[in-house]
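First subunit A sits with subunit B, and in the next complex the same chain sits with subunit C.
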Partner chain A sequence: MGFTLQGVEEIASLHGEPDWLLERRRNAFDVFERLPMPSRIDEEWRRTDVSGLDMAKFSEFEHRNGAGPAEALEGVAGTVTMRGSEIEAVRLDPELAGAGVVLEPISVAAKTHPELLETLLFTQVRAERDRFAALHAAFFADGTFLYVPDGVVIDKPIVGQVFSAEGGTAVLPHTLIVAGRGSRFNYLDEYLSPADEAAGYKSGSAELFLGEAASVGYVALQKWGRNAWHLADQRARLDKDASLRLFNVTLGARFSKTRVEASLQGQGAEAELKAIYFASGEQFFDFHTLQDHQVGNTRSDLLFKGALQDVARTVYAGLIRIEKGAARSDAYQANRNLVLSDHAKATSIPMLEIDNNDVRCTHGATVGPVDPQHLFYLRSRGIPETTAKRMIVQGFFGDVLERIPFEHARRLIETELEARLG
Partner chain B sequence: MADFEIKDLRASVEGKEILKGVTLAINKGEVHAVMGPNGSGKSTLSHTLMGHPGYTVDGGEVIFKGQNVLALEPDERARLGMFLALQYPVVVPGISMTNFLRTALNAKRGYDGKDKSKQVTPKEFRSLLKSELEVLHMDDSFLPRYINDGFSGGEKKRAEILQMAILKPEIAILDETDSGLDIDSIKFVADAVNRMRGPDLGVLIITHYTRILQFIKPDFVHVLVDGKFVLSGGPEIADRLEKTGYSEWAEADEPAVLKPEEVA
Partner chain C sequence: MATVPKVDVGTDYKEKYGFFVPEEYVFKAKRGLNPEIVKEISWMKQEPEWMTKMRLRSLEIFRKKPMPTWGADLSVIDFENIFYYLKASDKQSKTWEELPPDIKATYDRLGVPEAERKFLAGVSAQYESEVVYHSLQKELTAKGVIFTDTDSALRDHPELFKEYFGTVIPPADNKFAALNTAVWSGGSFIYVPKGVRVDIPLQAYFRINAENMGQFERTLIICDEGSFVHYIEGCTAPIYTTDSLHSAVVEIIVKKDARCRYTTIQNWSTNVFNLVTKRAMAYADATMEWVDGNLGSQITMKYPSVYLMEPGAKGDVLSVAFAGKGQHQDAGGKMIHVAPNTTSTITSKSISKAGGRTSYRGHIKMYPDAKNSKSFVKCDALLLDDESRSDTYPYNDVDAENVTLGHEATVSKVSDEQLFYLMSRGITRSEAETMIVNGFIEPFTKELPLEYAVELNRLIQLEMEGSVG
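So, the complex of A and B:
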């Protein structure tokens, strides 16, 4: 294969995809061919260097063989497991299936639910955005489609897990979630590969559509191996009175760039956007966020918290956009960075674009080391420095961590923090 | 040889010499008060003894259990049996008091995450907490809260004393524990310290004002002025300061008793 038109057609034919989807892939491929690699002249890429990325090196898809085994999850309502670029298993509580919930690979849902997918797929995460988004839309491997009908409430979370192990390949999963009016549920995407996996290209984008008064928790936990290139978009559209709690957890990859965006299109909609990231070694993380208040009486609350150590670097750039008609909107944005080494560097760029005066907007950013007073206080009680630091970092993340609606994910994060902090 | 010996301790802050040779011997079972006007070096003394990184030791030694503790990290000093009740207890977001106390107790017992036999069991910890809280007449409502977060001045000082009660130090330094406290809180702290007094505990109370010494009777009083002791003796020194303040030594004639309106 390769990132060629022929490659596009091979994937579509392998899945037996309908014509509209093949067409969509072809259009995305055109965009991919047309757009140049982003360079540091582009504002969004000014601090984000992709010159070392040779995509052609990773143009093979990872297959199922060699990928790590999935640990069985307990306490979930459904799972979609992918190994490499292939779906391994889909499981859904039969009661939910009976209530009209659909949990299917996108390659299947494109045929069974074209009315939803044809209208929605790649309308939030758009190929035109840049060359990487175009690559993802043209070559996405497969992924999760979740539809929860009007009024259906799911207590246990639904989890998508993508395992990778080969390196040297492309792993491009996609998630499409449609929440019916008044539905309520939590969904988690986990992207996992061994820390020492060879370099590869990974995406892992998600589109969420929240109908009127839907209430959705979405978690994306990225823990690819430490050599990976990861470029992803997570974007949600919220109708009237919808409520989104989105958590981005970024722990893996050598290079990770994620855009997290909420488009508030209905009055009364509210989006909580939170992130935890921990960059060690030579990791580089870039986050671009958008809180797009298109109509009035909408609320957004963003808090991105990161810790950095060794020679890691992070960039956060976030925009609150309040459009002209969006009176009485309320937006909050904060980026907090805990810098644990003299050689790590966090950059934070909050931005506002406000076309309406009758709004409330607050934003702030902090970048700093562990407070020496905190450290001394803990140590003065006999707690060794390493333990004290770990407690402080865990405490720093605590207010976001405790809101993540799935214990399995919280544990995974805690284990990783402990491993990194010694 | 006393249990805890400070010998000719000299220390500076940001290059400025503050302690200019402090010598003091404390035995377990004794309560010493160090009194001094503003800027005399009281806080430098307490922080230097505990190893705060903002203070530089320029000379001298502090011998405790046969070791010069000035060469130890703050947490090593604490595990050896030292305790500092801070004048301004620090708010640490994200860590609950319970977690803090449990981790500190485990550290004191030498539990490093490996040897489970040294770890305090949940049951033992609960019962220890319960009995100490009872003795201190404290309720447990602040335990799930973050360290000192949203605590009143009095609650912070009570929490310091609770930590002391749980960690059971052999040398306790109380740094201006009375400052900013109302009379009820001072009595509370004093009662608690008096209950802990005994042959296993040496106490160093650092204070500007004589007030707390009405409730915790010291065996010895030392007056610190400009980084040196200018007078040492028995509790009668506190009475003398009560009348004359620090006028004998300090340029600014600072009283050692609070004005009536400050007592409220």
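So, the complex of A and C:
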């Protein structure tokens, strides 16, 4: 295959996609061809080096492989599992299906629910954004489409799980979530591969549409292998009184860049954007966030917490934007970095653009080591240094961790912390 | 190059600040920028060859460097339509009485003699591009302190001058530093010898008075080991009809155990582009403090910075910005931690009103050697109405071990409770707002000498008048 127009057509015909989707892929491909690779002259990429990324090397798609994560998913209302670039299975509680909930691969939903997909797909995560977004929109493999009708409440989480094991390939899953008025549910995207998987190109983007008074929890857990390139976009649109809790847990990949954006378009909407990241070894993580208050009486609360070990580097850059008419908005933004080693590097750029005076906006950033007093306290009680350090890191992540609405995800993080901190 | 739009400087400017003195110049260079004009400036000043060469080299750098694409929109500046050198009178006056009458009239409105009588050690008042009035108390001369204009320093102290000039901010640092190095004229030169403390602030008043005339003054301050000096730079400017460019360079060297404070109250008229590079090098256990107030100009881009070069160095920036109608204050500070055990703080207070825009732009960089360093940044913004805008762009880069860095910012409006409290005591809304704004910038005001604090409060009052309907 390859990242060519022919490749675009091959994917579309493989899925039997309708014409409008093929057309959309073609347009995105044009954008991909037109846009240059970002360079360090671009402000967003000044500290984020993609010069070592040769996309052409990863232009093969990973086909369905037999392997999968050992742990079975339990206590869930529905699952979509992808192996490599292909859908393995879709399961949904029949009761929910009866209530009108739709959980389907995007390739299927494009035919069964064209009225929704044609109007929404790639309207939040747009190909024009940059070359990587265009690549994703032109070649996205498949992914999850979840529609929850008005008023439907789902207690157990729904999980999309992408597992890749081959390396040297492109794995480009996409998620589209539409929450009807007053619906309530939690959704988790898991991106997994063995830690030693060979280098490959991964995306994993998500678009969320929250109708009036919908309440949605979304978690993205990124634990690709430690050689991967990961570039993803998440963007949510919130209507009146909608409430979003969006969590990112970033642990994997050699290079990971995630954009997290919430567009508050209806009065009374509120978005909680939180993240935990732990960069060790030679990992590089980049987060760009946007809290876009387009109308008044909206709230957003952002907290990104990261730990850095070894020679890892992280970049956080976030913007709160309060548009002119968005009076009585309330926005908070904080980035906290815990530096555990001598050679890790953290950059934090929390930005504000405020165009209305009747608002409350606060932000903060910290970068610092483990508090020696905390360490001393624990050591004086006979706790070995490595354990004490782990406890401090766990405590540091605690306030975000406990808000993640899915036991399975929390356990995965705990295991990872133990593995890295001993 | 785009045409220059008509700028509204406000009809009340004359009443508020006072004055406009008709132009009367001894020498007026041609408009525009080319090697001939640069050579002419250097020839007029009878400069040594190395300076002429440096100017020409800087002009080339200026030509090559692109305009910055961030910050304010600078595309309206027409570099070919600016006078790069003016000289208001032939030779420097020694005493106040000898000053030309029209220049004296201007300073009378500003109260310079008053200030001098009260507590100022020396006045190096800059009228147009060259310092014309200069006095220094005898005791300072006796202590070995040099306080002169930069042109005279090049003539009278060539070796000291050559040793430090352009070492803190080389011409290639940025486009406007290159421009300044090519066409600089005037500014202050201060040398404080080892262990000498200058107890009274040194001060220079700045004026621009000619239409389309650029000011490219160049200030160089050297604080030798264990010394102390406080330098005050204040500016007001009368009315103009077209855009004017002010692009200064200030270089400061603070040696071991020395302390330097540099206070600015910038109040150019609201059609001036104020693009200034200010930087200090602080060595072992030295302290550098920038106290920087920006009230005037159409656009200001200024980020006083401190390079903390040796252990124990300390840097401070205290910045206040006020943006009214049509103004954009893009100000802030930079702290570059190069050595271990260095500390820095940046405190920024900004006020936006009547569609004005303030931006805090800062950079904290901790290089790998800056172990055990600390930095704290605090930005507060006050928006007085819903037409105005406030931005915060703090860049924090930590590459060193065991450092602590904190940044905090808040944006708010004048609180209704405070307003209600004051108004319930019979204070008018406009007065109450003025009081609240003055309270908001109080951490800044209290660092100023009394006279300046009074002047600042008065300026804020003038800016606030009629701001509330």
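Heads up, the rule we're going with is that the second predicted complex is superposed on the first by the 417 of 422 C-alpha atoms of A that agree within 3 Å, B and C clash if a C-alpha of one lies under 4 Å from a C-alpha of the other, contacts with A are read in each partner's own complex, and residues count from 1 in each chain.
In this text, a contact is a pair of C-beta atoms (placed from the backbone, for glycine too) under 8 Å apart; a residue touches a chain by one contact, two chains touch by 3 or more.
Given the structure is predicted, the values throughout are model-derived calculations rather than measurements.
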item: Partner chain in contact with A:Gly98 - subunit B first, subunit C second, else both or neither; value: neither
item: Touched partner set for A:Met391, first subunit B, second subunit C, both or neither; value: first
item: Partner chain in contact with A:Ile354 - subunit B first, subunit C second, else both or neither; value: second
item: Touching partner for A:Asp399 - first (subunit B), second (subunit C), both, neither; value: first
item: Subunit B versus subunit C as contact partner of A:Val339, first or second or both or neither; value: second
item: Subunit B versus subunit C as contact partner of A:Ile383, first or second or both or neither; value: first
item: Larger contact residue set on subunit A - subunit B or subunit C; value: C
item: Which superposed partner A:Pro369 touches (first subunit B, second subunit C, both, neither); value: second
item: Overlap of subunit C and subunit B interfaces on subunit A (superposed complexes); value: none
item: Residues on subunit B engaged by subunit A in the complex (per definition of touch); value: 50-54, 73-75, 77-79, 83-84, 86, 89-90, 92-95, 99-100, 103-104, 107-108, 112-113, 146-147, 163, 167
item: Residues of subunit A defined as touching subunit B within the complex; value: 372-374, 376-385, 387-388, 391-392, 394-399
item: Sites on subunit C touched by subunit A in the complex; value: 70, 368, 381, 383-386, 388-399, 401-413
item: Contact set on subunit A toward subunit C in their complex; value: 43, 47, 324, 327, 337, 339, 341-343, 345-369
